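Notes follow the structure.
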Amino acid sequence: MEENGGHPMLQVEDIHISFGVLKALNGVSLEIHKGEIVAIIGPNGAGKTTLVNIINGVYRPSQGHIFFEGRDLTTVPPHHIAALGIARTFQNVALFKGMTVLDNILVGRNLSMRSSFFSQGIYWGFAQKEEIQHREVVERVIDWLEIEHIRKIPAGMLPYGLQKRVELGRALAAEPKLLLLDEPMAGMNLEEKEDIARFILDANEELGTTIALIEHDMGVVMDISDRVVVLDYGDKIGDGKPEEIRRNEKVIKAYLGTATQR
Amino acid sequence: MIIRGCPTQHEHYEEEFRSMIYRECGVFKATYQEDMAIFPIPLDRWGLTVILFVAFVMIPSLASEYWLSSILIPFLVFSLAALGLNFLTGYAGQLSIGHAAFMAVGAYTALILYGRYEVPLLLSLLGGGFVAAAVGSVFGIPSLRIKGFYLAVSTLAAQFIIEWVLTHWKWVSGGVFGTVDTPPMRIFGWPIDTPVKKYYLVLCFVVPLTIFGKNLVRGQLGRAWMAIRDMDVAAEIIGISLFRNKLLAFTVSSFYAGVAGGLITFTYYGAANIEAFNIMVSFHLLGMIIIGGMGSVLGSFFGGAFITLLPIFINQFARAFGAVLKTDLLACIDLIIFGGLIIFFLIVEPHGLARLWQTLKEKLRLWPFPY
Amino acid sequence: MVFAIEVVIGGLLVGVMYSLVALGFVLIYKASGVFNFAQGDMTLLAALALVGFLTFLPLWLAILAVLVIMIALAFAIEAVVLRPLVARSPLALFMATIGLGFFLQGIGQGIWGTDPKGLHIGISDIPFDVRGLMISQFDLVGAVLSGGSVFALVWFFQKSRIGRALRAVSDDHEAALSVGIPLGRAWAITWAIAGAVALVAGVMWGTRLGVQFSLSLIALKALPVLILGGIDSIPGAIVAGLIVGASENLAEVFLGPYVGGGIQTFFPYLLALLVLWFKPYGMFGREIIERV
């Protein structure tokens, strides 16, 4: 969904990065516009997670730039990038295993919490009000994701599917402008996938969050994305509407036929 | 909106999950505020009042001088130091094996302020904390680049460098190698010379600092620390500044250690000696939080109690068998049990006595209706 | 000038001994992924046992006896401490070795007491005179012994079948298991080797400093060597040991008098910290890349 032909929200410009002798990304460029759901697909090792890591500031590209709402991110440290409004979930669930679900999601609100060190230590007064305020927001997220019953359980003890959902909650709690999801449905059964797909769509429609997701399930990708970007061993080999990509020769070859599945 | 702590019937989840949330069953909070209080369970809230009453009223009137000066005071002070270490290692996950050095900084600072410059006692003790905090934050700087084992060893550097500075820097040691006695304590001219008064002095530091600490760890800072401990790369991507929070952990934990150092010097040892804060003490602090419970305020106190009471228990135990133990042998057995228990707890209950305590309370709570 | 060279040589000789102690750590770390904080206490235990046995056994028999004890100890440690903690974090294992250290200390003190003992194995105090340079016999013998041990260890790990298996274990526990290498046995062997290293170190340092509590702190001396060289690098341990030995001696002799002496206790740490800032995994250590 194109917004007013202004600047794209995220602009990836000619990104190169190598790990040792392995060239992970070879001049990749793409754009993501506000309100879109863009899927990034490609065989394993294509560089999808690396690209997302670069956007988050974990890796620095050897060449190229990333612009978010006009601002150059390439040299900004990760925690500042988060403050600009980019949130993320991870391929291997990166929940804080020692903390409860509630605390995990509350941590997601960290950026908007303002109370000072001393204020927190004394608690009564500003810090308490703020905790309650943010607690309300987090509870709303929890209700929305239907995970009320596990709020107080340490995240490490949850089954995989629920962990992924909690991670989604943590990212959503930050009320991000851009949400990067790295294989949010990996390892889930059909029912769980449908749930997550529904949450993603709702986040996009109700909350207006722009979403970029890395995903292998072509059915899901074709269903929910507005646009699809295809990476193959560091190169971008496709960028367009789902139907176009499905018919793209190069993409089909890269996937050996999986792109035609439904 | 009513928050139900109890899980709804959900076939997917096993008994373990329900047992984890035992405390909430049947206790409904009407607001988030109540749910988030330190002690949301009325039983616990009641318990806290009892503890404070016992600490401030009953113990001073009933305990013997021996108990006050030889057991309770070191228990409280070492628990405070352990609490500081817990912030850094238990919550923020930065292993620190030279922590006693910061206690030494606090001790010497307090002594110099009070003894040499006649700064009021309370300010001197706090001053010890602040200087220790400053020193601690300097030694925390490596944590920005260095991790894990390498970081642990660089904290050891703190131990040795500080030991050397405190003994060789003439301005600090006053040219005296060895012990420096503390001058008699006075607050606003009122002498602090009996065990009871010393006990109250210690209590007046330990209680507020513990409450402050508890508030810190259950709020935003505590969560940021735990996030860094569990997965720091992810924490950074969420927006938590590793630099600021790690440094804060070093600063806060050193402050607590510094205050503890000053307190123990004035109220227990009666003199400042660098040997009282050597590497073995650092290891003992670490052992305290392992056994007591890492990442737990209560655990720090369990650890402090353990270390203070262990020699006594061994003695009593031996006496029950008619044996009288010489101090040397006592020290050996002490070491063996201490070391053995560290290993035991790491294998069996890595969250230490604090978790055992929680499990115990849970069993009692559900008894006699376990389901 | 001659004096300076003497200082450097003296430092290098001591450095070889540091290298040996550091190597004990590196081996255990490489094979079981755990940093053995109890290495120093093991060294002290070995030295104490040796002194005890020397009262009624000839030297070579006493050494053999202690070796047997250290090997038995290694197997016991593997079974009681390492195996239950096999799946846990390196931090937990590290803390377990701290507990182990306390435990061994207590045992050592309980059996043999805390007063310092002398250890004499027939090396005289008179320094050699090599073309005008004075070199301590102690240091020379120590260096030769250590150097020999280091070579033996490196050869063992690089060339022998068991050594290869141990290296496989250190690289990847699960992969090693899948090709049939018994993990527990591999660990026990490594700890036994570390025990032997502790024995050699105990003999040398015990002769030099006397057998007393401070012997266990020698291990702490090896820590800056480890972080300078990298905790999983054998060449790193060797090179760093030499650097630490030489620089510590130089600093003490030439800088010490200006600041009241005692520099050697912390100078290696300062040096290591400086290097760490630029190379967070030591000079040769393997960088741990976390994937998100």
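Worth pointing out:
Chains: A, B and C, in written order; residue numbering restarts at 1 for each.
As a convention for this text, a contact is a pair of C-beta atoms (placed from the backbone, for glycine too) under 8 Å apart; a residue touches a chain by one contact, two chains touch by 3 or more.
This one's a predicted model, so the numbers in the text were calculated from it and none came from an experiment.
Distances between chain centres, each the mean of the C-alpha atoms, put A farthest from subunit B.
Central chain (C-alpha centroid nearest the global protein C-alpha centroid): B. Subunit A and subunit B have Cα centroids lying 39 Å from one another. Subunit B and subunit C, compared by their mean Cα positions, are separated by 32 Å. Subunit A and subunit C have CA centres that are 48 Å apart. Among all residues of subunit C, those that touch two or more other chains are 292. Each of the following residues of subunit A touches two or more other chains: 58, 90, 94. Taken residue by residue, subunit B touches two or more other chains at 233-234, 237, whereas all remaining positions touch fewer. Residues of subunit A touching subunit B in their complex: 56-58, 77-79, 81-83, 87-88, 90, 94-99, 103, 106-108, 110-111, 113, 115, 117, 120-123, 127-128, 131-132, 135-136, 139, 148-150, 152-154, 157, 159, 170, 174.
Subunit B contributes residues 1, 3-5, 7-8, 10, 12-13, 16-17, 20-21, 24, 32-33, 36, 212-213, 215-216, 219-221, 223-224, 226-227, 229-231, 233-242, 248, 295 to its touches with subunit A in the complex.
Against subunit C, the residues of subunit B that register as touching in their complex are 93, 95, 97, 142, 145-150, 152-154, 156-157, 160-161, 163-164, 167-168, 233-234, 237, 279, 283, 286-287, 290, 328-329, 331-343, 346-347, 350. Of all the residues in subunit C, the ones that touch subunit B in their complex are 35, 80-81, 84-85, 88, 90-92, 94-96, 98-107, 109-110, 113-114, 217, 220, 223-224, 226-227, 231, 259-263, 265-266, 269-270, 272-273, 276-277, 280-282, 285, 288, 290, 292.
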